[in-house]
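Chain nomenclature is as follows: A, B and C, assigned in order of appearance, with residue numbering initiated at 1 for each chain independently.
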Amino acid sequence: MSQTPGTLLAALRAEPPLVQCITNYVAMNIAANVLLAAGASPAMVSDAEEAGEFARIAGALTVNIGTLSAPFVEGMHAAIDGAKQAGRPWVFDPVACQATTLRRRVSAELVARRPTIIRGNASEILSLAGESSQGQGVDGRDDVAVSEEAARRLARESGAVVAVTGPEDYVTDGTRSARIWGGSPWMPLNTALGCALTGLCGAYAAVAKDGFDAAVGALAHYAVAGTRAHEGAVGPGSFAPRFLDALHAIAPEELDKEHRLRGHEGAPA
Amino acid sequence: MSQTPGTLLAALRAEPPLVQCITNYVAMNIAANVLLAAGASPAMVSDAEEAGEFARIAGALTVNIGTLSAPFVEGMHAAIDGAKQAGRPWVFDPVACQATTLRRRVSAELVARRPTIIRGNASEILSLAGESSQGQGVDGRDDVAVSEEAARRLARESGAVVAVTGPEDYVTDGTRSARIWGGSPWMPLNTALGCALTGLCGAYAAVAKDGFDAAVGALAHYAVAGTRAHEGAVGPGSFAPRFLDALHAIAPEELDKEHRLRGHEGAPA
Amino acid sequence: MSQTPGTLLAALRAEPPLVQCITNYVAMNIAANVLLAAGASPAMVSDAEEAGEFARIAGALTVNIGTLSAPFVEGMHAAIDGAKQAGRPWVFDPVACQATTLRRRVSAELVARRPTIIRGNASEILSLAGESSQGQGVDGRDDVAVSEEAARRLARESGAVVAVTGPEDYVTDGTRSARIWGGSPWMPLNTALGCALTGLCGAYAAVAKDGFDAAVGALAHYAVAGTRAHEGAVGPGSFAPRFLDALHAIAPEELDKEHRLRGHEGAPA
């Protein structure tokens, strides 16, 4: 039986999971603030000398390739080793994986290490699934809808739950699927909110029995908080503090009441 | 014929340029948010393994030495190589270039690679031009006015448009010059807003025919947004979200109406 | 005779000290903004090639191990060398020093280099003093009160002033001690505010005759600003800009009037 977003949020708040985030320099601060506001305990530990050791005490690991370099890649693999040894979930965020040779290579390596969840925009998911995309930089230029079939195929091939985020989000494990919507047009104008959402997927995965429920829970929390924060915001700047406030203020029962989800159990069309 | 700030802003909004920013760790998040709010698409890609490849698909490159290290320098040169091969403009931000031996050496190397625009505070521009300055850390301690002659000489010697920013900004290509004012006293109390402005110069350079117009456009956009954001702000903290809101809210025609510019075509005094 | 927080704040505002911060990637931006709002001049210079040279021109150095790696450690030692040669105070922030082998080793090395002030949460101070703690990640899970004896012993053994921060702060040099309270429950939900406080300790140390007064001054400034910022904030997001505004707005005489301090001269119980 699936765990609702509110059920998972209650569990997360009752015992805040330690979430190890290997994320990019742009995202580190906002990702930590998103996790703290939501109720989790973030730790940005990425150096190979300690990343594996730390992953064994963390509740989940998230890996993001936004600002890639050889030391980061080394740390990612060490951390994934640790998470796997400890039986912990890990989440992969393939930022701009279509943009350069290095990103394509590292992304393929990381997918092969069987993440619990892959979260990206449509351009990134299309690229990971081996299809051509319109994306160049870190912004997705493809519609989520266009990527759904690719997402299902990627999920089946990689064994990961795939979450494609955009104005409407799509989550699939290759069999089940769900669509979540809400949020705010100010969200893509706040840098690294997608990267921070990857961190939140890690927090939910740390307390969930199932990666699919975890991804749906994190995306629902984000969408409801974004919808709330949109009220009163007049631009991307005034949106940001409201969003952190909303992530924190949402109670589990409100989350289950307010999120807008259309789920499909069984084989998708 | 020169392109007005509003003309350039309209072009930037019509087709958001991908701006590759090699900037310091302090600035990465706010620089990305400034570019997004203004209407551009930032990407923080700095590792030598991919920086040159990425520069060939970006519309402009910006290089900032705020948190310097050997890997950064290697990435900067790789990216400049890529930008030059692709015929793209690049902007140099010589943060605290007077402070250490390393900074003086790297700054001289980068100036020799002929940036399209150099943007710095008065202390940095004086130092780049070989004059003594009062600056120690990252704050400028010299008046913009004091640096104008040095800025013109630097522009003539380097081939770059030189933008000196402070309470009143000065832009020169060695022949033409312009002064822009506005902004807010809260701006120097928000870290890395100068670094973020360098990113915006890159965005304007990506859509402009001429580096001089690009620098004037970016500085005018900043000054008008800063002036607007000052209203209602009671300190540096409340200024920041208002500034991002204002960068986003300004329409091209408002920018041309509100910016305060005194330009001098022909030989400066 | 001791210098009050307000006396030190007035000195800091009269001649803003240049504070070199070697801090983690999560903290760099907010630490710089905290120092600017308070009235100091931050510079994030950490690479070994220039960190020592820079430390000789800075008024104080702060060293934080939040995102540790070999290049950071090399830069820390170079900077400490420079600070010691120039006779400048330096502050150590042992982030999550109990979490990994690397952190335990590097923390022990840094304590042996005799920092002027050590600032950490109770879990970190207990760990540095050789006692077991409940902390796993970067959040302290131990009460400040539990760590007081360990703090005094650490102070006597290391020669440093030890500042343990939490809902109520405790400062000791092994002989004198003081407790400071105030702040806001939103503070631990804003990432890296502790790291930024370490930076502020550096700023106060740069203008104080005595490390004990410096630590008390910085903590009092933080507590009063946090208390003020709490009013009107509805969550961690709305707290943050108010906090920066409050750090800036507080006048020296208000600081001495509003801070809540219980000091003990002489041997503690």
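The rule is short, and it goes like this: contacts are C-beta pairs under 8 Å (C-beta built on N, C-alpha and C of every residue); 3 or more make two chains touch, one makes a residue touch a chain.
Just so it is clear, the structure is predicted and the values come from calculations on it, not from any experiment.
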Between 0 and 180 degrees and rounded to the nearest 5, what angle rotates subunit B's CA atoms onto those of subunit C?
120
Looking only at residue numbers at the subunit A/subunit C interface, is the share used by both copies over half or under half? Answer same or different.
different
Based only on mean CA positions, could you tell me how far subunit A sits from subunit C in angstrom?
33
Give me the residue numbers in subunit A that touch at least two other chains, ranges are fine.
25, 29, 240-241
Quick one: which bits of subunit C touch subunit B in the complex? Just the residue numbers, please.
18, 25, 28-29, 32-33, 36-37, 41-47, 49-50, 53-54, 57-58, 71, 240-246, 248-249
Enumerate the contact residues on subunit A facing subunit B in the complex.
24-27, 29-30, 66-70, 96, 99-103, 136-139, 188-192, 234-238, 240-241
